[in-house]
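For clarity, chains are labelled A, B and C in written order, and residue numbers in each chain start from 1.
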Amino acid sequence: MHNPQLNSNGELQHLLTIEGLPKSIINHILDTASSFVGISDREVKKVPLMRGKSVFNLFFENSTRTRTTFEIASKRLSADVINLNIAASSTTKGESLLDTIDNLSAMHADMFVVRHSQSGAPYLIAKHLNESKQHHVHVVNAGDGRHAHPTQGLLDMYTIRHYKRDFTNLRVAIVGDILHSRVARSDIHALTTLGVPEVRAIGPHTLLPGGLEQMGVRVFTDMEEGLKDVDVIIMLRLQNERMSGALLPSAGEYFKSYGLTPERLALARPDAIVMHPGPINRGVEIDSKVADGKQAVILPQVTFGIAVRMAVMSILAGSHA
Amino acid sequence: MHNPQLNSNGELQHLLTIEGLPKSIINHILDTASSFVGISDREVKKVPLMRGKSVFNLFFENSTRTRTTFEIASKRLSADVINLNIAASSTTKGESLLDTIDNLSAMHADMFVVRHSQSGAPYLIAKHLNESKQHHVHVVNAGDGRHAHPTQGLLDMYTIRHYKRDFTNLRVAIVGDILHSRVARSDIHALTTLGVPEVRAIGPHTLLPGGLEQMGVRVFTDMEEGLKDVDVIIMLRLQNERMSGALLPSAGEYFKSYGLTPERLALARPDAIVMHPGPINRGVEIDSKVADGKQAVILPQVTFGIAVRMAVMSILAGSHA
Amino acid sequence: MHNPQLNSNGELQHLLTIEGLPKSIINHILDTASSFVGISDREVKKVPLMRGKSVFNLFFENSTRTRTTFEIASKRLSADVINLNIAASSTTKGESLLDTIDNLSAMHADMFVVRHSQSGAPYLIAKHLNESKQHHVHVVNAGDGRHAHPTQGLLDMYTIRHYKRDFTNLRVAIVGDILHSRVARSDIHALTTLGVPEVRAIGPHTLLPGGLEQMGVRVFTDMEEGLKDVDVIIMLRLQNERMSGALLPSAGEYFKSYGLTPERLALARPDAIVMHPGPINRGVEIDSKVADGKQAVILPQVTFGIAVRMAVMSILAGSHA
């Protein structure tokens, strides 16, 4: 099937997932982001690339943090932003998702930033827009169910490239709840596409999905073993709601086995960087000494995240089907 | 009594209701809207007509859809928009409605877009502003109780004019819950003022208000009879909350008698257009085959609605008492 | 200890409290506000002083009225505004306050407008930003617990200066629930700093805090006595939630003893002005005849409040540590 996120010229029409995204497009996004990093340091942090464009933040699932990053990115591109908390709006009046989309599109929307608890919702919207020839509207997936969170994956790649320059000689470990993480999925696809030779997944059996080996990932249940000589450590957030269930004993037990302490960090390469998508749980998946230490690049990730979102949005806004 | 929505020069000072609005003003709004329809198609969808003006969306009743249309219209006119969900604010601290208005007016508001569940609230606010000589603030009624929804009425007129050009040879049918519909009220006034020779109301006895005949409306309880040879069909939304009461048997029963199917649509003129204020209830008041069919102009109504709201706001902002 | 709201050059780096603020800085704010009062009357009410700056309204406690004034002030300075209702966001995911701050700061925030139910929260944030050398971010206290509400204090001073010109020959009475009022605290500090020779506090024993005399305030429990010959009356809002407790008998009883009636107002100087931070409780702390009378300057306070907030924000945005 045709990749619904590319137009007939192979340009990015929507950003739905990193899966299947050509390396050239990922690099184009990272290069464009690089030009935006400087803008946020200037006195006037705005460029007119999306002046007069209407961006709709369609958050079917609440996420203040992610919504904020897209809102800032939009405003720094001079777009007009409309925040819609869809739970409170007409979908509750029984209107279907696609009727809502058609209505907003008829208001001459230029972009939908979609967050949804159901995997595939942004894909469904993009497919509908493509099929009904509403090519003026672009979709950005801001997180759908357990499936994908591509801008987080891209900002992770930006961060790794910033600190390590070359992907082709790296060992990268992803640690924690791989099973429920859309970040892990997006990262694995991106790392593989960009030529990282060794991607590792570390976590307890209960939080490791099947099929990792087929994706070329080395699996470890012993953290000390998994961290040995890695260049990059991507810690995942442990969702509190998992802790009450049968999957995990307790936050304290988890930290004992999989918490990133200075001692464990010392097993990695001396110049290894520590990443985390945030918000961090201090003392659950990461020790404060590591989170606030010299190898942590968690706050630079946030800064780069704005630039990466500006890059994605401006590239989409400039593409025509 | 003096019409509170006109200033002493007979210009539009507030938009409260279509009732009593001179034909010349309605036409002026439609003509102005026409100039804005093109703007939404441009790369940069903004005009500086309200730059530096402060528009307050005062929604005492939640309506994401209507709020969004006014927010977009304001931003495309370059106004600053402040959304106030008044239920959550100081009126709950016991402050009176008019004290809230005076406070916002003292912040140099330029326009209040008011949505209220009580009929007459926008009228009360406009009257207070007029009497206290706060002529710099303009009120737009965005729907009050069962009373009026004038911008919806105006966008309906814009849509009819767009497709039919001339009002003076039309048969227009309004179908459904006329009793509870502010849209129906606004439409009947507008159609009559613009010279439509035959306006029909179609619905069950329980949903037809008294007094329609005195307004010059022909009343039908049989849908087939009422649709015969009409040029325009305006379907109304069936409020779910009516269905549980004694007024209506069930959604299925309603559809059987008053749902717009392809077969019923065939009774109208072959070039008849089908309108609906949205959001539509598929299978309740309208069949999907009609809603998605060639005669439906429901999505163009949404597009024209932005232009009509831009027209109303820019005309008000340019008027001085 | 070093005053955390001033930078090493003695310029305003944050606005946390009027306590300890030098008279020269207060006067600079009032003078700057004066230049903004005119702007709100112009056709285009915007100046580009904060174009491209990102202002975050961090409201840990809901206050639509205060949030609105800062939102308007920001937009009239051409800043980009992001409203964060923090109760609904990641602090509920267990992230600490200072981690949230570091994250937003990493997005290149320029200013945090902070409202918090806990006294000292804005101070904590400012101290953290100073210590971690994040000097590009400025904090404005928009009300913290019972502690301070400095922009309200400053707009009160602006109002008094506007009507009375000279502070050094005034008698000012503050009436009501002094104990729970952050406005009263801010006002007392400002009045004293600006050289007002006589500040009076009027209220029932149960609502008067200890230590007023040490601050140079004359205390009255008899309202008639306290109002005699004053030039300025600052009424405080009676919080409804106080009324149910043991501190106060009832709203009616309170009005009998401390409500500002025309008769009581006549005891003050004939040109005395009546102020109130709003929203007013008509018939509880103030009679409608007074609130709507010629000596009331309650609505001008609101107007001046926008200019004062614009002044504070533009001064902070222009300061560099």
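The rule is short, and it goes like this: a contact is a pair of C-beta atoms (placed from the backbone, for glycine too) under 8 Å apart; a residue touches a chain by one contact, two chains touch by 3 or more.
Everything quoted here is computed from the prediction, not taken from an experiment.
Asks: Between subunit B and subunit C, two touching copies, which fits better, same or different residues at the interface, with half of the numbers shared as the threshold?
Replies: different
Asks: Given a C-alpha superposition of subunit A onto subunit C, how large is the rotation in degrees, taken in steps of 5?
Replies: 120
Asks: So what's the Cα centroid distance for subunit B and subunit C, whole Å?
Replies: Result: the chain centres lie 41 Å from each other.
Asks: Do you know which subunit A residues sit against two or more other chains?
Replies: Counting only residues that touch two or more other chains, subunit A contributes none.
Asks: Quick one: which bits of subunit A touch subunit C in the complex? Just the residue numbers, please.
Replies: It is residues 40-46, 62, 64-65, 68-69, 71-72, 75-76, 240, 278-282, 299-300, 302-303, 305-306 of subunit A that touch subunit C.
Asks: Which of the residues in subunit A end up touching subunit B in this complex?
Replies: Contacts found on subunit A: 51-54, 80, 82, 84-86, 88-90, 93-96, 99-100, 102-104, 106-108.
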